[in-house]
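Alright, structures below, take your time with them.
Two complexes are shown next, each including chain A; its partner changes from chain B in the first to chain C in the second.
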Partner chain A sequence: MTAPLLDVRDLTVTINRDGRLITALDKVSFSVDPGEVLGIVGESGAGKSITGAAIIDLLVPPLKRTGGTIALAGERLDQLAPKAMRRVRGDRIGFIFQDPMTSLNPVITIGRQLCDTIEAHLKISGDGAKKKALEWIERVGLPNPDVQFKRYPHQLSGGMRQRIVIALALCANPALVIADEPTTALDVSVQAHILQLMRDLHRESKTSMMLITHDLGVIAKMADRVAVLYAGRVAEISPVNELFNAPKHPYTHGLIRATPMPSVNGEVRLDQIPGAMPGLGAVPPGCAFNPRCFKAEGDCCSAVPPLTIRESVAFSCFHPLEKEIA
Partner chain B sequence: MLNYAASRIVQTVIVLLVISFIAFLLVANIGDPLAALLSADATVTERMELIARLGLDQPIGTRFVHFLGNLLQGDFGLSYRTQDPVAKLIIERMPATIELAFVSLLITILVGVPAGIYCGVHPNSLFGRFIMLISTAGITLPNFVVGLLLIAVFSVQMGLLPSFGRGTVVDLGFWTTGLLSVSGWRAIILPAATLSTFQVAFIIRMLRTQLMEVGQSEHIRFARARGLSEARIWYVYAIKNTLLPVITMLGLQLGNIIAFSVVTENVFAWPGLGSLFLQSIQAADIPVIAIYLIFVGLVFMVINLVVELLYPLIDARVLRRQS
Partner chain C sequence: MSGRDFLTLNHVSKVYRRNQSLLERLKKNNTGGTKAVSDVSLTVRHGETLGLVGESGCGKSTLARLVSGLMEPTSGEIAFRRDAAGKMPRLQMIFQDPYSSLNGRWMIEDIIAEPIRVHKLRRGRAAIRARVDELLVQVGLSPADAEKYPQEFSGGQRQRICIARALAGEPEFLILDEPTSALDVSVQAQILNLLRDLQKNLALTSLFITHNLSVVRIMADRIGVMYLGELVEEAPSEELFLRPRHPYTRLLIDAAPDMDTSDRTLHPIAGELPNPAFPPSGCRFHTRCPFAKDVCRSTTPPQKTSGADGMFRCHFDLDLSNGQAILPAAKARTA
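Up next is the complex of A and B:
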């Protein structure tokens, strides 16, 4: 078994709201192997984006990392000084932001933003950086790199901007890319193109990827393994086939059934999970999912189920689903 | 860009025409030149002749065109108070005011901009809070109080700097400058500092707010996520997003100082336009007031024009909003 590239153990993030500490991320553990795409799914507010931001230490206050370890290729990121952390960002971990409309600096040209990023990490500058920037503009599929180089973000469409965001995240050849809802803000047809681009780039570079999304369709298309988050905790981590064919956690099961999918006779089946995910600070005792779970029993309300590992699958549930149910 | 510049210039000219028209109405409607020029026992014929000679029987449009024509030829009329040409009065006073305005702008830029950036980048630092505290005083204290305080401390108590006048001025033919002599520089420090107190405080607070807001934006987070240095993030990526409102305010403030430094000029007996304006108002010297009004309009419009022509260089999105 290869050593994981990224290993996150018991990552805990809290939010200080008027002196009251609220747990936003509760002992989240997972790992990403070299070259692997790990999908992170969950509803809004489940802690997906917080997980991504916590890894590169870019949490927006009052969110604060208060526990756990993060190791990248054996090096403890959680213990790095801010200056050393800056060198990890962009260089070893690239981050693709969600909304291309707001994540590019509006008053600086595409070319300058690329060159600045390249020069911050690679030992090239001036013409070398420009050449590299032009290469990347072409690599992410924009026509006429020379023209795009001089343009400002507002002169590009949303899809083109997201391609630039991807180029910016990848231009220093990071070992790991964290993509935070990279297609959520885009039109459906553009989404497909961007996903294809990310797949192609992933295949070429063998970069590991953490793909944060709420869209199971994106997961099915891109991920090797999937971590399901619920209310700031890991519900289940499974290889993507296992997840769709034999989910262990009732929440995963519900999540898959809540995705509209035409059945054999053409009807669209849609089963929603009753209730709503508890908000920050309102997580019930025991398993966070117990009030909505059809399999919940007494023990679910009294103790938090630990993450149980069974072969390639890990889940935190006292009463996991068996294969036949899905 | 050419379109943008042309449309800005046309707008400027239109506004100037409107201001000139208002100034013209002022001259045309306030006071009675006939009463001043005719003797008490003038006949009706004499009266009609004078009206014809002054063109007062012409329609208002024709008279305005005539007034504009005179303005363009440099004929600004005569002052009621001194009987001097208005142009001469204004040109005499202008250098003092403009030099004062530019020195105070310089102080604003040299002190206010760095301090504002510091407060925006380190809003919670002790020194940043200290600057903010001081700047509150700068915002609240009226100009004349600041001026009097400075005089009390630096002129009266310490005897370091003069409290009135421009010092030795050098006549360059078209311009009399106080900036070529030591005493001129010594004289300009206190009034310029007084004028810039508010501006400095204002720019600090504005830059701080702007920077704190930009610092929260997604594109700055993304720049951090790409590992750019803090210096580059703040001094290039963030600052460039705050420049538009800052240069707009600096421009307006410069216009304000040139046009309305009446109080400060009075406190320091500064021989500038402000004190000329005050004297003219006291003497109801309508031609001077009217020309001064046009001059103020011109100053504001030209500064504004320059600022607006700078916009596209800072933020190319301005051009898109045009089309």
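Up next is the complex of A and C:
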């Protein structure tokens, strides 16, 4: 067994709202192995994006990391000084944001933005950086790199912009890439292109990836292992096959059944989960999912189920589903 | 218009013009502008749900606005079935974003009561309030919610309020413009099930617009696929998924990632969506179509009928029922 590249233990993030502390992430633990794609899935408000931001210390106040450890290749990121953390960002951890419109500077050409990033992280300058930038524009599949180099973000389509954002995240050869909803703002036909590009680049570079998304279809195609978050806690972490074919946590099961998706025989089913995810600070006692769960019993309402590890899967549930109850 | 036809669109087009200079207006230069909807003809029958799918910029929301009368078509005509007195059917619309489509300063009671008052469907405070309570129960909320404000509700609950408001006008025709795309998966399933029940119980005729093919497959009886302002294919729901006739429909079905973890191949559509302001010549899909030949680049494809009541616009009669059939051609084009 290899040592994980990224090891997150008991990560806790709180919001200070007028002196009242509200837990946004509650003891989230997971790890990413070298070369692995870890999918992080959940509905809005589950804490997916906060997890990504907390790892590279980009939480916006009033969000604050209040506990837990984050280790990248054995080095404790949570203890680094802000200045040292700056060197980690972009250098060893790349970040792909959701909205390609707002994650590029609109008044600087994309060539300049690429060169700046390369110069800052790779210690090459001038012509060397430009050559590298042109290489990257070509690698992410944009035609005529020389022309694209001089263009501004508004002159590119959404899909092309997202390709540039991917180039920016990967150009410093990071050990880990965190992709936060990289295709959510894109159309279906463009989404498949971007996913294909990310998969190709991932295979070439052997970079580890954390893929944050709410789309189970994207998870099914891209992830090796999947962590399911619910109300700021880890509900289940499983290899992708197990997750879809034999989910352990009732929430995972419900989420899969609620996604409108034709099954193999062409039939379309749609099973809803009653209720809605509790808001911040309104998490019920015990298991956060208990008011919506069809398997909930007395113990679910009194104690928070711990993360139980069984072979390759981990789940936090007192009454896990045993086999697929199709 | 035959007996069952509820709404007919006859060669409807809508051109968005940019602001013209005085000189251009004097010269009566009418060439500029983006053709958002181009020569769309379709029929919605009584009691049926017609789904419209397409990617952004394909003109589906523009079409909804044209049908609702919020905009005038540039050319073509939109005709509703009129009753014996010659009155138009009542029409309501449900919008995508439940956060911006409810007035935060109004109580839920007033929001839902407004269409009742405007259309004078009930008289007297007590009768209106009773109707509001009934509607709230119908959409899965409680009468006690009538005294609250929109911001006290979650996204899914707000969308239920929007549905109650639409139903308050006792519509015969409902336009739903991406009603669940702003919602989470588990909540989306609730709203879709609610809409499905309401359609069944109230015998509503509706136009359901979405970019999500799985959603439209669940909701619609017939589906129209739009690409760059044109309706490229229209067919009964299951027929469209099992035997698509237009290459774009086939590629669109395959492009959305499903939850099958055993086959992890992705199926991107070659190329990018062209700028709708400058659509390609001939068949608008030829720049991305794996089957494109010379004729596609020069000639607009004719409208052909398929099955009992379907149509598609393609020069060729392709058998696209098997998703794999298109793959080698698509691969060759991407490479």
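Note that in this section the second predicted complex is superposed on the first by the 322 of 326 C-alpha atoms of A that agree within 3 Å, B and C clash if a C-alpha of one lies under 4 Å from a C-alpha of the other, contacts with A are read in each partner's own complex, and residues count from 1 in each chain.
The criterion applied here is as follows: a contact is a pair of C-beta atoms (placed from the backbone, for glycine too) under 8 Å apart; a residue touches a chain by one contact, two chains touch by 3 or more.
Predicted model only: the values in this text are computed from it and were never measured.
If you put the two complexes together on chain A, you find that chain B and chain C both fit without a clash. Look at A:Leu216: by the touch rule set out above, it reaches chain C but stays clear of chain B.
Touching more residues of chain A than its counterpart among chain B and chain C is C. Of the two partner chains placed by the overlay, neither chain B nor chain C lies in contact with A:Glu297.
Judged by the touch definition given at the top, the superposed model places A:Asp200 against neither chain B nor chain C. By the touch criterion defined above, A:Asp146 reaches neither chain B nor chain C. Contacts of A:Met277 after superposition on the shared chain: chain C is touched, whereas chain B is not.
In the superposition on chain A, A:Thr117 makes contact with chain B only, not with chain C. Once both complexes are placed on a shared chain A, the shortest Cα to Cα gap between chain B and chain C comes to 9 Å. According to the touch criterion, chain A has no shared surface contacted by chain B in one complex and chain C in the other. The part of chain C that touches chain A in the complex is made up of residues 55-56, 154, 156-157, 184-190, 192-193, 211-215, 217-218, 238, 241-242, 251-252, 255-262, 264, 266-269, 272-273, 288.
On the side of chain B, the complex with chain A involves touching residues 216-230, 232, 236-237, 240-241, 314-317, 320. Taken together, the chain A residues at the contact with chain B in this complex read 56, 58, 60, 86-91, 94-95, 97, 99, 102-108, 116-117, 120-121, 152, 154-155, 165, 168-169, 172.
Taken in their complex, chain A has these residues touching chain C: 43-44, 157, 159-160, 187-193, 195-196, 199, 214-218, 220-222, 240-241, 244-245, 254-256, 258-262, 264, 266, 268, 270-274, 276-277, 279.
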